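A, B, C, D and E are the chain letters, set down in written order, and residue numbers restart from 1 in every chain.
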Amino acid sequence: MSEVILKCDKLTMRFGGLTAVRDFSIEIKEHMIFGLIGPNGAGKTTAFNMITGNLTPTEGKIHFYGQDITGLKPYKIVSLGMARTFQNIRLFSNLSVLGNVLTGFHHKLKYNLIDAILRTPRFYKYENEMKEAGMALLESVRLADKADFKASELPYGERRKVEIARALATGPKLLLLDEPAAGMNPQETLDLMYFIREIKDKFNLTVFLIEHDMKFVMNLCETIAVLDHGVKIAEGKPEEIRTNPDVIKAYLGDINA
Amino acid sequence: MKIDRNNILTILAILVFFLFVWWGSNHLTAYAVRVWEDTLIFLMLSAGYNLINGVTGQFSLEPNGFVAIGAYVTAILILTPAQKESMFIIEPMVPWLANLHMSFLPALIIGGIVTAFVGFLLGFPVFRVRGDYLAIVTLGFGLTIRVVSNNTITITNGSLGLKGLPTYTNIWWCAVWAVIAMIVIMRIVDSAFGRAMKAVRDDEDAAIAMGINTLWIKQIAFVTAAFFEGVGGGLLASLITIISPTVFTFFLTFELLIIIVVGGLGSMTGTALATVVVVWGSELLRVVEQPMNIFGLHIPGIPGMRMVVFSILLIIMMIFAREGIMGQKEFSWDWIFNKIKGKRA
Amino acid sequence: MLKVKDLNVYYGVIHAVKGISFDVPNGKIVTLIGANGAGKSSTLKAIAGLVKPKGSILFSDKEIIRHPAHEISKLGVALVPEGRRVFINLTILENLRMGGFNKKISELEPLYEKMFELFPILKERAHQKAGTLSGGEQQMLAIARALMSEPDLLMLDEPSLGLAPLIVSEVFDILRELNKQGRTILLVEQNAAQALKLADYGYVLENGAITLEGEAKGLLENDEVRKRYLGED
Amino acid sequence: MKRLLSSLVAVAVALSFLASASFAKEIKVGVVWPITGLVAAFGQSAWKGAQLAHSMKPATKDGCKIKLILLDNKGMKLETANAVSKLITDNHVKAIIGAITSSNTMAGAPIAEKNHIPMITSSATNPLVTKGKKYISRACFIDPFQGKVAAKYIWNNLHAKKAAVMIERDQDYSVGLAHAFMNAYKKLGGKIVAVEFFQSTDQDYSAQISDLKSKNPDVIYMPSYYQELALFSRQARQYGLNQPIMAGDGAEAEALIKIGGKAVNGLTFTTHFDPHAAATPLTVTFVKAFEKKYKTSPDAMAALGADAYFILVNAINEAGGCKATPKKINYYVRHTKDFKGVTGVITINPKTGNAIKSAVIRKVKDGKFVYVTTVNP
Amino acid sequence: MDLTIILQQLVNGVSLGSLYGLVAIGYTMVYGVIRLINFAHGDIMMVGMYFAFTGIAMMFLPWWAAFLLSMLASALVGVIVDRVAYKPLRNASRISALITAIGVSFFLENSFLVIYGGVPKAFPIPSVFNGAINIHSVIFPNIAIITPIVAIVFLLILLFILHKTKYGMAMRALSFDIDTVRIMGINVDLVISLVFALGSFLAALGGIFWAMRYPAINPLIGIMPGLKAFAAAVLGGIGSVTGAALGGFIIGVTEILVVALFPALAGYKDAFAFLFLIFVLLFKPTGILGEDLERGRF
């Protein structure tokens, strides 16, 4: 039914003598929510950084919509339609909420430096267009009333939403979320779950996320992969993962303990 | 440009400023005019410097190098071939430069463009490092420019320097260029490019993740700064009429650094205020070196005390008031009107 | 053992902890639970002396508020910081030595033995750099390091953070064991279920204030807690 | 912050009023010298000389008090220009003494020239300083003269046919003087067998020394400052390079002997005066007073600083004391004739503003500077 | 260029390099614990020179006593500088701290200018360090041979302190995390003071030997060697003491050898350290022995 949009083929990342990720292969199909779980230090974020171009894999290939993106600069990968958030929410703390979102439009900016300096009609036209689009985006994530707030003034949960909105502004087809529920209480986590589902439909997205919170992943993701010591030890539907003996041994333990 | 309240007010403010310049050039003492000339040139230099250091958050220490390049290029272009011939006593100047001669405005602009180009080339290696490393590498660049100007004798006349430059620079040249620099830089800051620069400052990795080509953004800031620092160098050269490798030392960079910190990193209007405070302040501090009588107590002048006091004031300021005058805030018409209406800024 | 009264922590204009009061009785495990940003970590840092709070903190009936952190440590309060913060550039043995910084040389040897007994994994790798340990092992080391000063009160900041569920239970087992040996523990956790199962008494923090407190068993049954912190409907 | 600054400014302004309040009948003379910065040593020395000269002659004949206002230029060009400007328009000085180095003087000169304020420099020896200027004069000789004196001395007295030159590449003083010397020496028929470069604060000269050894000159001319001269001499002797060394006025400092020790024995240099080979009666009284006040002999900078002052006071005298206008003062500065100053008999060329005066050759002998000869222009 | 000259130059380079190394150690240690480029460190060199000068030339102390006292007094100056100027800025942004450091540097330079005057002082060289020895017609100045030996001895002492004493261990731990060291019951301010004391002590030692190579001291003399020593510290990998020493040796030796082998480039000598540094940073941004102090960006 749907096309494979991200394909990782035997990705390996070594830092000096340390192998952080070994032979990591996955395929993500359009419109799915894919989860990657594993303890701290298992190599989840490293895998993420390879896909987004922050790290170049020592070995292996990454294909995005069939195009080889291995080793491309991160900002180029963004313009191809891939956006990410960070584990510890990295907003531009001195920009307003709207300003944060507007940075997401930068890679498709339609005026140049001369327009900005001379304040040409083109500058005003596109600057206004961007602001309207930014407001519309904030509207759709119900943050429009906070548009003028400094990002650092918002509470934690809303900052996470702003970060996601900012990523959406880049116009992604694939959204990568690095531990979106970290630091949230169960209530907020639940809200976030609905939120992710909502934007996925609204913006026609494919979502790839890393998470710790088992309940969150199990409820949200259609497919889950488990990483342990840099190696993928399992992949499958939530119920398969829950009962997979390897996963239980290496990661979950007795989940009801 | 759109005709709205803010733009009209800005134009009015600029007119008032030029009115002040006109009044000053006729009524102020030559010394005061002189210090205002310094102030305006320094405003241009520090506005550019703040763009790269404050707005884009790339802590660099290169301006003395850029100013030197601009000064040399402008000086070479405005000196007559005859002057150059009499000056280059060690080795003659390379012929294609020796015969080049032009008027001040094109010389300044070429000075700015050459500096901008050097900045552009320099940007590629230096922006591969961040933070303190960037500071030290750019500091090395300023030093390297001095060493190079000492050694490329057929271009710079080595340690003898270039002397007897025509004095074109006056308060009008300084004022017009300072206004141009402020307008250009503030417009860049208040555009998508400025937002991207601030994004790079706040979190470079996140900016990359937003699809921003951060090297490019840093280059825009760096090259713009270099252009204005080059032009400022040209203005300085014609103001002091003599340049040599020792003119543009690290102390110049340090003074600019103080200005942008006093004004508030990232705030252009703060920079403008701070330039006035620092340039005039350091002139006023001359007092501490004069012998003086306070309530009958005679204090002999202690040579060198000015710099001691200056450095102590700086340390005290960094400890107690390090946000500077404006912080990261910017003076703006909206801010004033909101203030009047009592709205949230 | 520890009596906190009307504790306030400010970061600039942000009021992170708003006048909370709680007790940690001798030999008990007390837990503070709450969401990110509720002020749990700030409370621990205030007790340890890493931030400058207002209010009163009595430790063994001695006022320790505004004491420098190293003085508080010498009085017998040890903190296992959030994210473990083991010295990755030092060996495991050196990490332990840092924990027992104010001990005499002669006192150290038996303490090392004790730690190796408690955490056998550390003994095997005593001379390796701590950076080579896995997350769970680093957590063990961080606890061992804190124990090296033989503290009367052991405080832990989110010991389960980022660990595999398997390792989390291991860590909590160790805490239970330590408590059995008589150690007083103040535990800050987001993992409310685990923490309440372990603790004797619990406090729920929300936006810098205590909204609920009670016997841990009682809190586990509390509807509000179940809904908000255990994620059960 | 803002309050701190504004109160600071207020205090500064109040103090400056206190400082500049004046009641007596006086004429103001500005002094712009480097008191801090890289060349502070010279400025401080010259200031000592000028202060002493002032105490010896604090007023003109008609009782008009001379008031010296010293501004520090930090050895920087921009600061020099500002200071000159401030002296002229804020302090209303009638004449200016300054600045030590040629390049700094040249940065201040256009402003004095524009405002028709006479400026007399004590020690800027570069020919360009006064070139084309009507209000700039100097109390010292110029580089080509000094270079010529050295060349003549080497050619006539040392009978050296082959000379090597050591140039301090980053000092315009050294580069300028070296070229003046080479031109004069070649004209006399001498041969330059080697030109070696080095830099200020270089610690090691072994590469240059080995090259000089292979070129085997009769004499080494090294127009540099005393630190480098002393260090070079030591290493040259250590490595067995024993040719005589000739230097310029930068050599003259006690530190040359302290650092150089035995190695600088025999080092010969051209300079402005010798405190113990009295050129004029003023030399004797000045040196005596200087030694009494500062417990050390005056160096050339101090003597020249004093001379600049004396020449100026003399001109003010002629120009009518307190009634003197800058224009008149300048006229008499430029028409200084056979003035018996500290450093010798000085005549200023009315057209160029350059001093015509004799140079002195001194050398180091047994750890002391001794007089060799005087060379008249 | 014959072999004896190369050998001579090599000894010279090693001697110069060991001075850079001594000064670089202070930069690297301070940077390691509080992430501050201590711009005033080069000026501590100058302070050391003037103290030693005062001891010998004005108080007529025996040279070894003057040297030792100078190093101790300079260590004290380093500690005071930290307590007064840097400590209040521990939690401030890096740029504030750096500007303060530049301010301290200007303060030291100008107050010594006011106290001692700008006229360079002739540094009295004790006779032990004077003279030269002649081995097979190759001449080695005594100072060029003594300097590296002294430098290595002090480096070994420092390494012993860092690796075998508990305060040394605390210093290494500090470079990782300040707050965690605090909760170990360690008086962090005391440890940082110790770092400044050690660094300043070595800088003064470097300064004294520098003054014996170039015995005309002025208040601005510390700037250039200070900058190069910092370049050496970065080159060796900031945070690493052995790296700093190694970086110093490399910069000193290449500086001298390049001048000796390519005299045409001699004029570019002062820029060389920085060009070298840029080159290294481009290919190994953490320096030769450095670890990535910014680790954990993602």
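We take it that contacts are C-beta pairs under 8 Å (C-beta built on N, C-alpha and C of every residue); 3 or more make two chains touch, one makes a residue touch a chain.
Being a predicted model, the structure only gives us computed values, none of them experimental.
**Student:** Could you quickly compare A-C and B-E and let me know which has more C-beta contacts?
**Tutor:** Of A-C and B-E, it is B-E that has more C-beta pairs in contact.
**Student:** Suppose chain centres are the mean of their C-alpha atoms. Which chain sits farthest from chain C?
**Tutor:** Relative to chain C, the chain whose C-alpha centre sits farthest away is D.
**Student:** Greatest Cα-centroid separation from chain A: which chain?
**Tutor:** Farthest from chain A by mean C-alpha position: D.
**Student:** I'd like the Å distance between the centres of chain C and chain E, where a centre is the mean of that chain's Cα atoms.
**Tutor:** From the centre of chain C to the centre of chain E is 42 Å.
**Student:** Indicate the whole-number Å distance between the mean C-alpha point of chain B and the mean C-alpha point of chain D.
**Tutor:** 33
**Student:** Between chain C and chain D, tell me the centre distance in angstrom, where each centre is the average of that chain's C-alpha atoms.
**Tutor:** Going by mean C-alpha positions, chain C sits 73 Å from chain D.
**Student:** Report the inter-centroid distance (CA atoms only) between chain B and chain C in whole Å.
**Tutor:** Computed from C-alpha means, the inter-chain centre distance equals 52 Å.
**Student:** I need the residues of chain C touching at least two other chains; which ones are they?
**Tutor:** none
**Student:** Scan chain D for residues touching two or more other chains and write them down.
**Tutor:** Chain D, residues with two or more chain partners: 35-36, 38, 40, 44, 169-170.
**Student:** For chain E, jot down the residues that touch at least 2 other chains.
**Tutor:** 110, 113, 118, 267, 269-270, 298
**Student:** For the complex, give me every residue of chain B touching chain A.
**Tutor:** Spelled out, the residues of chain B in touch with chain A are 1-2, 184, 187-188, 191-193, 195-196, 198-199, 201-203, 205-214, 220, 266, 328.
**Student:** Going by the contact rule at the top, pick out the chain C residues touching chain E in the complex.
**Tutor:** 48-50, 68-70, 73-74, 78-79, 81, 85, 87-90, 94, 97-99, 101-102, 145, 149
**Student:** Which part of chain B faces chain D closely enough to touch in the complex?
**Tutor:** Going by the criterion above, the answer is residues 29-32, 34-35, 38, 87, 89-90, 150-151, 158-161, 163-164, 167, 236, 239-247, 249, 251, 277, 281, 283-287, 289-294, 301, 303-304, 306-307, 313, 317, 320-321, 323-325.
**Student:** In the complex formed with chain C, which residues of chain E make contact?
**Tutor:** The contact residues of chain E facing chain C are 166, 169-170, 172-173, 175-177, 179-188, 291.
**Student:** Give the list of chain D residues in touch with chain E in this complex.
**Tutor:** Interface residues on the chain D side: 34-41, 43-45, 169-170, 197-199, 201, 203-204, 206-207, 210-211, 226-227, 230-231, 235, 238-240, 253-255, 258-259.
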